[in-house]
Amino acid sequence: ACGGDSDEGTGAGSKSFAAGSTMEKLNKAQKIKIGTKFDQPGFGQKGLSGKPEGFDVEIAKIIVKELGIPEDKIEYVETPSKVREDVIVNGTVDLVAATYTINDKRKERIAFAGPYYEAGQNILVKKDDTTITGPDSFKDGTKKVCSVTGSTPAETIKQYVKDVATQLVLFDTYDKCRDALNGGQVDAVTTDNVILLGYIAKNEGAFKLAGDNFTKEPYGIGVKKEDAAFRTFINDTLEKAFADGSWKKAWDDTAGKFGAELGTAPTVNRY
Amino acid sequence: MTTGEPLIVLDGVNKYFGPLHVLDDVSLSVGRGEVVVVIGPSGSGKSTLCRTINRLEPINSGTITFDGQPLPAEGRALAKLRSEVGMVFQSFNLFAHKTILENVTIGPIKVRKEKPAVARERGLALLDRVGIANQADKYPAQLSGGQQQRAAIARALAMQPKAMLFDEPTSALDPEMVGEVLDVMTSLARDGMTMVVVTHEMGFARHAANRVIFMADGQLVEDAPPAEFFANPRSERARDFLSKILTH
Amino acid sequence: MTTGEPLIVLDGVNKYFGPLHVLDDVSLSVGRGEVVVVIGPSGSGKSTLCRTINRLEPINSGTITFDGQPLPAEGRALAKLRSEVGMVFQSFNLFAHKTILENVTIGPIKVRKEKPAVARERGLALLDRVGIANQADKYPAQLSGGQQQRAAIARALAMQPKAMLFDEPTSALDPEMVGEVLDVMTSLARDGMTMVVVTHEMGFARHAANRVIFMADGQLVEDAPPAEFFANPRSERARDFLSKILTH
Amino acid sequence: MSQQTSVLYDVPGPRQQRITLISSIIAGVALLVGAYFLIYRPLDEKGQFSMELWGPLVDPSNENFSLVWERIGLGFKNTLIAAALAIVASLVIGTLLAVLRIQLKSLTRRRFTGLATPVAYLLRGLSLLLSAVTRVCVEVFRGLPVVITIFFVARGFPEFGASFDTLWYLVIGLTIYNSVVIAEILRSGMEGLPGGQREAAEAIGLSPLQTTRMILLPQSFRIMLPALISQLVVVLKDTSLGFIISYEETLNIGKQIIGVLSNPIQVYVVIAVLFIVVNYSLSKLAQYLQRRLSQGRKTAGTPAQNPPPAALMSQAESTGQGL
Amino acid sequence: MNVLIDKFDVFAGGFWLTLQICVLAAIGALLLGAVVAVLRISPVPPLRAVGTGYVNVFRNMPLTVVMFFAAFGLPALGSNADFLRIPGLDAVFSRLDTDLPYFRFALIALVLYTAAFVCEALRSGVNAVPAGQAEAARSLGLTFGQNLRYVVLPQSWKASVVPLGSVIIAMIKNSALAGFFGVVGDLSATADQLTGAEGYAFIPVAIGISIGYLIMTVPLGALLDRIEKRQAVAR
């Protein structure tokens, strides 16, 4: 096996990048560190195989392939929501693909390529619940809604609830929100629809979404702020993937299982 | 000095610690008012012998009779027996968290249900008798070893015991304090208390004991009046032991 | 037995523990080859006196001279002085994690930088001299108290000291082991070692000491040849002390 | 009768033995009934004993069995690696720190006579300063929760441009805390030795450093061996804190497995058993050594039934994640 | 350093919540620990086995695992720890009163875990009473109960104070885990929140949080040292 460098035809020599660019550096090194989540079903989840699986991971693989690096040279680093900027700034990873919503605050520290998917915030309720139909249902001040500390959805939902102190319940993981919903301690869980769909898929018949998405959550690839060339390269790669069907395949193989109808590619936003 | 039937009778007593045969078929009787001194090399079972008499150590076989009754095995009867046998330890074992007077009165008050005032008064009298009445309100740690041991004797006396057991009462003491404790013991002996005393103080054995018992390896090797024993020990081992103890 | 200038000279030594005046203007000189026995009641400052001589306790005022030199305060000079003064403790203080032979050789090897083989040989000879050559490879805990104390003496001798200090070397021993340690000390005294011995063993004081010093309350109360001291103590306190020690 | 009961109980007589037997039977039955109704029944009703949940963990023919155990094995290996690195580093640094603190203590008492006055004052000031600094370090790092220390290391180091693998953050965090604790264990072991050991060493002319190194430290290690092993148990348990910084130790991997199989109770039972077996064996080893130590007595007279206070302290400290 | 001033209320809130957890957990652990200790030294073998088993289980597993058990196991056993909502108590410790059981779960985990160490501290106190004390009591004729009440317990209590204190200090530090476990708003969660989600500079936050914990642990430790020294002198 050693010395067999032509299995995929993606050896170091087969691609060429501008001298000094991140792409060239990575291609030369023939390895890459990618930050993703290890506990997000459908997007990045480390299963029994010991390798993370999901849509984020597939997108990352598409990019890596374009860099001329074999898949098995990827080192995945677990990047929970709160450390994502840090690992990019510190250079712990080369890029982050981790259900990473593009927003302006984050753009102050890092840069985003993409989006490669557009999710939206939604609300999860028990299957038989008819009282909650959308975010406006919280305005009367009775229903309790759960989300995760420091997350964008938690900030967003604050605009809809009447009394933050009594109505908004925050945990460190969505799993706990789900358990709380199950146990009746909260009436709803809110976050990105795709995450909620994961829970619906897992606990068949227990939950449903209440209404439509009420925000847009474009997922991007996080890279170093000043690295415009790398960002352009990723954007190009994503557009290519939208066009040649590899994006669609990635979706269908992973998060698409929770809801194939949501598999529409967004347009890349080059800023 | 003995009168009537003996107070303490051991008959064929055997005691093991695991495989170790610590008391090997020991028979012994101590008459009322008799003072018996037990000597012997370290590890020969002297302390164990002493402790079996109030059942701090249970025995494996044989019988022990106290005041005509076999030793009870447990419960109130045993507690009652123990209250009738005073015990004085090498390391004093005063209750560290109680004053000297409290140490002396706790037995009478809690076990014999005496009125505190009565117990107090008698306690003070006893402390006076052992010469430390002025220390009554101090804690044990504030006293010298000799004073502590005298307090321990007073504590045992407060129960008005029929017999007293002493396990090397002076060997943890500074030499100049040995005398004061021995003095108290000698006066007790003169007053007719039945005593079993484990000690290395040959002076005490000589002038206060009725009998000297020599133990070795768990066996009772000699049993003789002190004059006879010191002048003319019968066994080789006793001779050897005495030569080591007495020469320097 | 004294020759030339004295080996150890204390002049007006005062020592306090907090408010406690433990050594009160003590002056004393010990000639070469002299054996001085220090006695006195507990707490009178005997141990402290002994320990100031190799500066295990620093003093507050006065001077101590050893072999013509004032006692160094710290550092290498002090270590060197200590290596010239052997010390034997009441509780033996053998290094528990080293064998008897290692205990005896560690000083020569580490302090005097002797070759291990040489130190070993001399160590064995010393152990033979104190009668425990056959115990050389055991650990202290495996030996009886008497054997341990003899090993401790050998350890001190291994440094070829000019003087030896003994702080109650026999009072932690079972009575039947006291003799063997005193024998070794007596033979050392006969061989002309300069010795300061704190002890309660009056027998040793009587037949091996050149002088007996009696201390009380930190003061040096009497200083006399043993025969004179025991026959006719000048001070009240010494008489009192002797009566307590010698009667029982 | 063993030492520990004799303080409380007299040697039982025949009646007492009978009473004990009868109450044993009653208590045993009551316990079994209680366990059935309060634990087994509710769990069974919730289907927690179903093979669907247990299968991947206990049934070798289950499709996931080998995968799951491979993952757990990996996690446990990572746990052991982190623990081993941390304990070795802590021992080395802790020993140095203990020796340093003991030396500083005797140094601060020195007057440096024989040197020029300004130099002597400088040296005295320096030794005082140094001992104050070490003291403060010890207090601070002992007073902070290890979780917090680990968290700060993982957050703080990259902030200053030092990024490593999460393993190293964990090891550094654990080492900071445990080396301080071990230093204190060893120091109190040395100070708990009878003063005679030091005095005897000094009396034959050994220097303070030689005394510490050749006489005090080896004995302190012996006496404190049980406490040090308990500390190893603490370290092993504390590696589970790796999950907060995404280190893939046993517990973190357990969480990942639960993410797939949704059987938290079962996975945590397995992990708990794993920890208990390993740590219990270590504690037993510590006890065994303690017993052998008090028999062999290769350290100066600490009475057998009175373990040095520090041993107790660290027992308490081994309250695990903390202290 | 602005964050220390700007966010003082957040630090103070975190400190307050951590303190609440610690007070409640300390009370619970002392009570449960005493019960376990009684079991462990009882003369009835099955009870002793339960006590010993309890200690061995909880002492040898990470607190983290205990916390997860509380969170997953208790609901499975049909409890969300509502029994902790004691009227009056939940007015003072308002977290007890909420519908969310995680505070209570964390509390229970901390109590269960710490109780094992409390038990050992108490037991070490009993073992520290010299056997001679009990022998002296017995040879005066004191019964088992009298021996316990007048001789053993008063002394063992003194010997237990320092180890118990160490256990409580350790517990305070262990409580930090609750913040990473989902109890939002205690000191450690505050650290996470401020440096992570809100992106404040690391050093000042670290200092603030450290001070918060050191305020609780260092004085207590110093107090224990003094008690220990005083006891050593008294002996």
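Note that the chains are named A, B, C, D and E in the order they appear, and that numbering of residues resets to 1 at the start of each chain.
Throughout what follows, a residue touches a chain if its C-beta (ideal position, glycine included) is under 8 Å from a C-beta of that chain, and two chains touch if they have at least 3 such contacts.
A quick note: this is a predicted structure, and the numbers were derived from the prediction, not measured.
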Listing by label each chain that touches chain A and chain B gives D, E
Using only protein Cα atoms, the chain sitting most centrally is D
Outermost chain relative to chain C, judged by CA means, is A
More Cb-Cb contact pairs, comparing B-E against B-D, go to B-E
Cα centroid separation, chain D vs chain E, in Å, comes to 17
Chain centres from averaged Cα atoms put chain A and chain D apart, in whole Å, by 40
Chain B and chain C have mean C-alpha positions lying a whole-number Å distance apart equal to 36
Among chain A residues, those touching two or more other chains are 86
Within chain D, the set of residues that touch 2 or more other chains is 10, 12, 16, 155, 159
One finds touching chains in the pairs A-D, A-E, B-C, B-D, B-E, C-D, D-E
As the complex stands, chain D meets chain C at residues 110-111, 113-114, 194, 196-197, 199-207, 210, 214-215, 218-219, 222, 296-301
The answer for chain D against chain E in the complex is residues 3-10, 12, 16, 20, 23-24, 27-28, 31, 38-39, 42-43, 46, 48, 139-140, 142-148, 151-152, 155-156, 159, 233, 237-238, 240-241, 243-244, 251, 264-265, 268, 271-272, 275-276, 278-280, 283, 305-306, 309, 312-313, 315-323
Per the touch rule above, chain A residues touching chain E in the complex are 82-83, 85-86, 109, 144, 149-150, 169-173, 176, 179-180, 183, 185-186
Per the touch rule, the chain C residues reaching chain B in their complex are 41-42, 171, 174-179, 182, 200-201, 203-204, 241, 244-245, 247-248
Interface with chain D, chain C side, in the complex: residues 54, 56, 73-76, 79-80, 82-83, 85-87, 89, 91-97, 106-107, 110-111, 139-141, 152, 155-156, 159
